[in-house]
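Please find one structure pasted underneath; my questions will follow.
For clarity, chains are labelled A, B, C and D in written order, and residue numbers in each chain start from 1.
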């Protein structure tokens, strides 16, 4: 992996070099064409005229879609120092070095850089900076000529390209493997074991089980995961002959959940125990749904409550009511703001990705399994990068050695947005 | 029934009443405390303070009435500060409700406290456009592609302060007020990181902890919830003592906030004590 | 054709956007820009779809006399009234020009008088439920829950002005135990570490899902029609 | 007018708060009203703010002469027909026989989302977060060794890596790996504690907001009597 990461930057540097050479040559060629004139246009000579800004440095914005030129200059001596009366600068532009300069834009004092995004590709421009001080002003010497152009490849993002390629490779690789029927290992998930335990207890007590697959629709992956887990739970429940209750808040979830539960009862050999009433629709309205669940819980006192799916503010109302009736509660969601409430109030909580892992583990679905494995590879990559990066950063601080600093800088650059 | 059992079976509505009182009483008696700004908030204040006068600052209002109690004080304080420093304010919204929220701040702060500010040269209200992060992505490349007019319908090229704005890179600073998605996270992902633009902002306390990983490299600073707002107000008062006499909403509200926190903590402690006593007794019985 | 065309659209749009990240040259740069604008505009149609759906659901409710069906009239009348005063900018600037939220317009009044208090109060209900859950549900049942509650205590106290008065008397050597300092430290270090681990995990999940969608391995838009 | 606004707002606020006693017709009325009003609000804002200036005014500028005179004389840009078509396709969802056409629009939305999220999550949440974690274990402050900062750095680095290990599913969590995963879950619990504290804080703030609004209303009533 590390080898691959290093291979590309060389390529990047090579093309960067070419671009620079072409630029330097072209800029040099163009700037020698007209005669260089060193004329300052001083409007009103006198003590109030500020010192001129430095000759502007100009270059085409690299790796862009064209139409953009970066202009930078050294501030007038009277900006921040000297008479300190410069109020701002005008950026002037012309296609001829000797005149016809037009104001492109203005900036306030203290600013020494401007990106001109109104340039035409292929036209050569000259820039001057005008320092303003009240009614007085002074222009800098004109810049060299500059031409904006667009590029085919953004060398600065070579590292991102490599990282994207590695991650994509692993994801696709594992999905293909899973599709071919290759067994992919997934670790034991503690929350899942709690599910069986809860079903057992409900059977012993002769009470029902409440299952809530979240309040979002089927287009949310968390809901899908919730329904997958419901499928496996329903199988166990069908075997034990325990009562199951699944109120839902979306009509599409209703259809999917009914189908899943029916299948589970069939495969457990208990189609007789199945009825459409197990899964029923309540309402789309968030608090209306919660009020209903609250009422059901207090009336029926289920022995176990499951909340697996996407939850918002209702998480804590549910968990609280479940707690007050003494039910075993198993929750799972990827909503980061709701997780703390579930952890604090429930017996077991599937945290974020654990919910998806649990669903992939139960469904054995190649897409889900493959993605999970691909993401795991990404975590290895991240951990390795952090490990090496931290190691060399520490060595740099401890030894102060130049070599360590170089390695460390390189690793940091690998993970910079501009390589 | 023992005390423990009684405590365990308190009607929910009594608890509701207690928390309401914990908020109302300090509100009636106007209890408030001193605030000490933390670095993560101070850095936003310092940024706006240190930018040269007339800098272009983008203020996206990405919240609605539901979170206004947390975010409006921040928006008020930051806007006030920008007015004081004579920065040019560009107000926009990613949330449909944000446009109305922005109007409240414009009417109360800019027009109310700084009547000499001129619309079109000192501030502009660009309003809401649909698209969420898609909108940020669009205006990172070309702002006028989406914003062809301002909110009242004036052509964008007829607004003086829009003449040298092409895209988000032309802003010196983006200070966002966000209640969730799309919000500060998307401003970092779609504007700050790809465009290399300093981004900071205020968020609800709910989303604040989730954004800490961006601080300080990808996100300059952050005001988290009412506390963040109160800290910003404290910085403002410290720098501009004339505001000591002006009502500072977040600081005023932090009093009831603190009392309510204490009540919640006491609830958790009582709840856990009864829980442990109960558990012990069950063990003895069992 | 019903299945293939959506897959092609998704593939072309998704791939173009990823390529635009690495290729600044036209047509990719302008493609990225234009696709974003299209997306912004289509988003408005999604609002209209939402409104249409709402109307349909509630009309069906009334028709079939489902539970609480009379309240559906409230929803429909509220919806239509707000829509009409908004579309015709009633009470606002002359004709159809100007801001639909202009001062004095009915739409602005409805926003301030009805929408604003309703939405704000809906969310403030949660404060009550937090209090009640604090009393009845948040238990240190496990080691994990205990750590969570302790960390929550420090934040709850440390992020209010009272935190300062709790521990300001601590000697200089123990200053790091000062509650506001501790709260800031938790936010800045362990919280950042945990959030970052979650963030990296989510990012990998998003990358994997996006890839599956673009390559047509996953087709959420087909499933959503069942 | 303002008094009327406050009165309506206060009554609606109380209607919603009545849910705390128990579910009742007043609450149901307010809830249903909210659903209708908010859907209409989104539609109006979307149409006036985006659809008219960014689509209609682009396709056929004279169309908006009475609404946005400033844009009426622009050159038409016909490629804006594309989002218009996709948008109309999206609305076919409401017409059962041709509802399948909405998949094309959904395919665009999903493809766009997948494309941009792939690159942005890669940049900000994967690569960006790794970079922010590349810090030395040993922290030097003002030229000298800083014990406090070193400890913080260790918490951050170990926290991120152990958090990632907790979310690693390809290996059984046993032995040293299991121990690291335990550390990971403890860090996550501190993180959740922080989130817990902050969320409680947010909910309380919203309640205070409503209470002070009701206070304003009561103040107004008292003002009339005195």
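Throughout what follows, a residue touches a chain if its C-beta (ideal position, glycine included) is under 8 Å from a C-beta of that chain, and two chains touch if they have at least 3 such contacts.
Note that the structure is a prediction, hence the values are computed from the model and not measured.
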| item | value |
| --- | --- |
| Chain pair with the greatest number of C-beta contact pairs | C-D |
| Distance from the mean Cα position of chain B to that of chain A, given in whole angstrom | 22 |
| Chain B-chain D separation of Cα centroids, rounded to whole Å | 13 |
| Chain B and chain C, separation of their C-alpha mean positions in angstrom | 15 |
| Multi-chain contact sites of chain C, meaning residues that touch two or more partners | 18, 21, 29, 36-37, 39-41, 43-44, 47, 97, 111-112, 115-117, 119-120, 122-123, 125-128, 130, 132, 134, 136-139, 144-145, 148-149, 152-153, 156, 159, 187-188, 191-192, 195-196, 198-202, 204, 207, 209, 211, 220, 224 |
| Junction residues of chain A, two or more chains touched | 160, 164, 167, 287, 336-337, 340-341, 343-344, 352-353, 378-379, 382, 417 |
| Contacts with 2+ other chains: residues of chain B | 16, 19-20, 23, 66-69, 97, 99, 127, 129-131, 134, 137, 146, 151, 153, 193-194, 206, 209-210, 213, 225, 227, 257, 260-261, 264 |
| Chain contact graph, described as a line, ring, star, complete graph or other shape | complete |
| Parts of chain D lying in touch with chain B, wherever the complex brings them together | 20-21, 41-42, 45-46, 49-50, 53-54, 57, 67-71, 74, 112, 116, 120-121, 123-125, 128-129, 131-132, 191, 194-195, 198-202, 204-212, 215 |
| In the complex with chain D, residue positions of chain C that touch it | 2, 5-7, 9-18, 21, 34-54, 56, 68, 71-72, 74-83, 86-87, 95-97, 100, 107, 109-128, 130, 134, 144-145, 147-156, 159, 176, 185-204, 206-207, 209-211, 213-214, 220-222, 224-225 |
| Residues on chain D engaged by chain A in the complex (per definition of touch) | 19, 23, 28, 31, 35, 118-119, 122-123, 126-128, 130-131, 133-140, 157, 160-161, 164-165, 167-173, 188-189, 192-193, 195-196, 199 |
| Footprint of chain D on chain B - complex, ascending | 13, 16, 19-20, 23-24, 27-28, 66-70, 96-97, 99, 127-131, 133-134, 137, 146, 148-149, 151, 153-155, 158, 188-190, 193-194, 204-206, 208-210, 213-214, 217-218, 224-227, 253, 256-257, 260-261, 264 |
| Chain C contact footprint on chain A (complex, rising order) | 63-66, 150-154, 157, 160-161, 164, 167-168, 171-172, 175, 218-219, 221, 252, 255-256, 283-284, 287, 313, 316-317, 319-320, 323-324, 334, 336, 340-341, 343-345, 347, 352-353, 356, 367, 371, 374-375, 378-379, 382 |
